[in-house]
Amino acid sequence: MDSFDLRILKEISRDSRKPLKEIGKAIGIYSASAISRRIKEMQENNVIKGFKAEIDFGKLGYNFVTATFVRAKYGIEYHDIVAEKIMKIKGVIDVLFLLGDIDFYILCATKTKDDYVIILNELEKITEIERSDTHTVLNIYKYHDIANIF
Amino acid sequence: MDSFDLRILKEISRDSRKPLKEIGKAIGIYSASAISRRIKEMQENNVIKGFKAEIDFGKLGYNFVTATFVRAKYGIEYHDIVAEKIMKIKGVIDVLFLLGDIDFYILCATKTKDDYVIILNELEKITEIERSDTHTVLNIYKYHDIANIF
Amino acid sequence: MDSFDLRILKEISRDSRKPLKEIGKAIGIYSASAISRRIKEMQENNVIKGFKAEIDFGKLGYNFVTATFVRAKYGIEYHDIVAEKIMKIKGVIDVLFLLGDIDFYILCATKTKDDYVIILNELEKITEIERSDTHTVLNIYKYHDIANIF
Amino acid sequence: MDSFDLRILKEISRDSRKPLKEIGKAIGIYSASAISRRIKEMQENNVIKGFKAEIDFGKLGYNFVTATFVRAKYGIEYHDIVAEKIMKIKGVIDVLFLLGDIDFYILCATKTKDDYVIILNELEKITEIERSDTHTVLNIYKYHDIANIF
Amino acid sequence: MDSFDLRILKEISRDSRKPLKEIGKAIGIYSASAISRRIKEMQENNVIKGFKAEIDFGKLGYNFVTATFVRAKYGIEYHDIVAEKIMKIKGVIDVLFLLGDIDFYILCATKTKDDYVIILNELEKITEIERSDTHTVLNIYKYHDIANIF
Amino acid sequence: MDSFDLRILKEISRDSRKPLKEIGKAIGIYSASAISRRIKEMQENNVIKGFKAEIDFGKLGYNFVTATFVRAKYGIEYHDIVAEKIMKIKGVIDVLFLLGDIDFYILCATKTKDDYVIILNELEKITEIERSDTHTVLNIYKYHDIANIF
Amino acid sequence: MDSFDLRILKEISRDSRKPLKEIGKAIGIYSASAISRRIKEMQENNVIKGFKAEIDFGKLGYNFVTATFVRAKYGIEYHDIVAEKIMKIKGVIDVLFLLGDIDFYILCATKTKDDYVIILNELEKITEIERSDTHTVLNIYKYHDIANIF
Amino acid sequence: MDSFDLRILKEISRDSRKPLKEIGKAIGIYSASAISRRIKEMQENNVIKGFKAEIDFGKLGYNFVTATFVRAKYGIEYHDIVAEKIMKIKGVIDVLFLLGDIDFYILCATKTKDDYVIILNELEKITEIERSDTHTVLNIYKYHDIANIF
């Protein structure tokens, strides 16, 4: 991994269909096959996990987006199990395990308030959960902008 | 937009390089060109915003991941301005504006604790911010799994 | 439903005994029977749920008014059941189910502090409730002013 | 004011158009004119503040209902002024002044999340306010049920 | 009860051994026996509950004073029982039952930190208690100054 | 100061008018003059600060009792000044300075909710105060029971 | 114990290998044997508990330092037992029992975030614990600087 | 640095005066000079920062120990400056900078409650501090037990 790799990552994490030539021009490597080889290597060692279409779920009507903070019961030992159950609930797109007075951060997207109640009911069925605290997301300014890390 | 479109989206939001034939088999449309046309249409009306390489930033050494809750000063009126400033800070990958006692949820990824202090310093320079509360992320179980919405 | 309907609603949600003629003058429909017909239609499709006398319960001596925030036990699944039990308690006039770290908002009116203790005891008998937090209402500036929505 | 008055109030606070005869039968006063006279008296001494059409604002599309807790800046002395400003904001239907760590409870109804952001902006313009904390209302089980007091 | 009674109360709530003559001069009743009779009457109807020596417990070495906020378990119904148990603990001098997120306020005075741990252990034995939160009292500016009410 | 003194204090802190003979019998000193001398000595060294009539302010109509937690602005340095101002407000009977996230605990007794609003306004005029949080007292189980310390 | 003892303590709590002569010069006792004798005495009465090498655990790679606030279940009575269990967990270097809404303060040092998860799992196995709240330590400005007390 | 070094550290972080021979026996290196050389090396590269007498400050009368959580004003940028000021206050023995809703954790030891008020006053003079929250330490189970890390 060198700085060329990072710059390639930056490019393709924004647009994976950008022509190799253009990427090359942007980063100063003029051989498309060299770029192609580097991408393949990064796929092989799993730095690149895959390629995805970026979807505007708001445009699809999934406008009731919520950030939920979950506290698991203490002494359960099995955060993985709780996480596993949460992850399976339809509509859940982020599940992070945090240090502090909150255990999990969950991001959900549903079409309506009532659809979110269904998720809430599913969460309430997970007996290892002690409390949840849900905030309606008013605006998504930025989401999953990995290119901003490098 | 019909149910075929949704199923195509589901497939390509997981793997945008999946061969059209396979997608077709999975969803029951056997014409690759029909699928291709539908994808193009969804790109044109911006349901598909683009194609991205999915990168494992942990593998790149960005292992100090943090969820920060930000409260802006009351009476500022300009959430957009605060969000704009936060978004520009290097290392910030999510910025959501929430309803409730927290104003912004921010996800950051840095290589070390000290790199995060740099972000913290940047946040402290934004005079419209009143408080921040940062939680170290211990584990990312799921992130940006849009396919789970449909 | 058109803008005339909304203006009629606005008028009668403030004073349901206002003469149709006056309403007509205010909104620019000069036929009383037209207004009458529109009101009847809105009653039929339940936009108008009924007609009520507006009572000043403070004047009747119900001066100990309280806003109580209730947290139900997690994992109960049946918010409707808890709500049902709360609604039956004499003195309870509002019951809202909220998203966040509070589950229910309850408004009560009693004659004395001791009468409120009776409500508190009733709440404590509901085993699905985990905590309540009661705030004495010092002043009601506005309550149930639907006309302000339109 | 006697127990008959209270029973009349109970009846007409539920349905102000109930025929006097039926009210009479329900409460054991068989003279419609006696009931009518009692109602008039209660209007005169302002126990009955008026008559209102009860509107289902959800049916009108006002489905984004929120409960907001507001904390005013300390030392302002003029709660009335803050309340006055809040009350004027379109969409606000309840404004209560509470004892405790919250100063005002506000209930709002808007058609969409974005309409609520307009209210939030109006609140932020009130310089005497220190913080607001908004909870989305998932369900209104009961609202303005004065008849339940007696 | 008239304003003379109140002024007598004010005097004797500060100094119950003040000569009746002096009280009389202060309030404008020159008959000691009249004052005496009024005091006796207020004792009879229990407005005056008794006479107490006012002790400076700090001077006696009881310098570790604490204010403890207690939350009882919800659903216990029997606040009186919890209060009864708390009241019996040696060292407890105030027990108030509050409305809100705290149930009881307790004031204790002990000679040392370790003596307070004994009280804490006693509190922990009361199974109906959910949590306690203890604050060390740094200074008592005023305590039991009833004369300031009138 | 010996154990006899403490037992005398215990007796007279409950009833300062108890005959010396009875006190003597209770504690095993049969000389009334010895008890009298001990009391005088304890008055001289200020262990006994005075004698007070114990008044039931509830019986006098002061039924709206409140416990208020006050946070002073940080950096003021002069807790004494804030305390001084609070102490002067009519209706305030306890003022304690605490260690922790609350600075002052204040107990007030007024006749009505509206009378308490006057105290609240006085508190708001003290510019060194940042926040107050008031809880209505539902019941006074025990107050100023110094005899329970020994 | 006199002021010379305190000054000796101050010196050797910073550097226990400082030559007695230098200590003597610093504090004005010119006999090394006198200083030696005083140190021995303070060891005998356990004011000096021992001598320790001061280790920079950060330099050893223990860079993930955390401050954890632990709340034990109420009613357990046996804080000592909980403390005992916490103390045995490898990586725990401070265990303090606090008054207030937190029961224990724990300081831990591990090499990585994942090593801390092991401590977290150990904490979760202690059934008497109700909640823990962990804060990542960004910087240690001062730790164990006893010399600053005198 | 090898495992022998770590074991030496473990021994001397508990007792720096343990004879080299005994250390040697415990860890399986039989040459005292080898151990001595390793210690010297670790001193040179600052893994060993020094040698300290371990003092029981409780035995010296410093029994009022407090854990204070400090929140600095947001936007100050200069945590180092605040820390610097806090560190200089006499009686402060720990100063940690934390991630989350608390900025600094401070441990203090004083002889009396009144001595702590002096520290509190010093903290209040630091204008960059917004709030402090102090908890009395009831018991120190373990403090500075670095040997427990390895």
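Of note:
Order of writing sets the chain letters: A, B, C, D, E, F, G and H. Residues in each chain are counted from 1.
In the analysis below, contacts are C-beta pairs under 8 Å (C-beta built on N, C-alpha and C of every residue); 3 or more make two chains touch, one makes a residue touch a chain.
Since the structure is predicted, the reported quantities are computational estimates derived from the model, not experimental observations.
Common neighbours of chain C and chain H, listed by label, are E, F. Taken over every residue number at the interface, the positions common to chain E and chain F amount to over half, indicating a same-residue contact.
With each centre defined as the average position of its C-alpha atoms, the distance from chain D to chain G rounds to 59 Å. Centre-to-centre separation of chain B and chain H, using mean CA positions: 41 Å. Rounded to whole angstrom units, the spacing between the C-alpha centres of chain C and chain F is 43.
Shown for chain D are the residues in touch with two or more other chains, namely 99-100, 116, 135-136, 138.
Every pair of chains in contact is given here: A-B, A-C, A-D, A-G, B-D, B-G, B-H, C-D, C-E, C-F, D-F, E-F, E-G, E-H, F-H, G-H. Residues 63-64, 113, 116-117, 136, 138 of chain F are the ones that touch chain C when the two sit in their complex. Per the touch definition, chain H reaches chain G in the complex via residues 1, 6, 9, 12-17, 39, 45-57, 59-60, 62, 65, 67, 79, 83-84, 86-87, 90-100, 102, 105, 107, 109-110, 135-146, 148-149.
Those residues of chain E whose C-beta lies close enough to touch chain C in the complex are 74-77, 99-101. Taken together, the chain G residues at the contact with chain A in this complex read 66, 116, 121, 124-127, 129-136.
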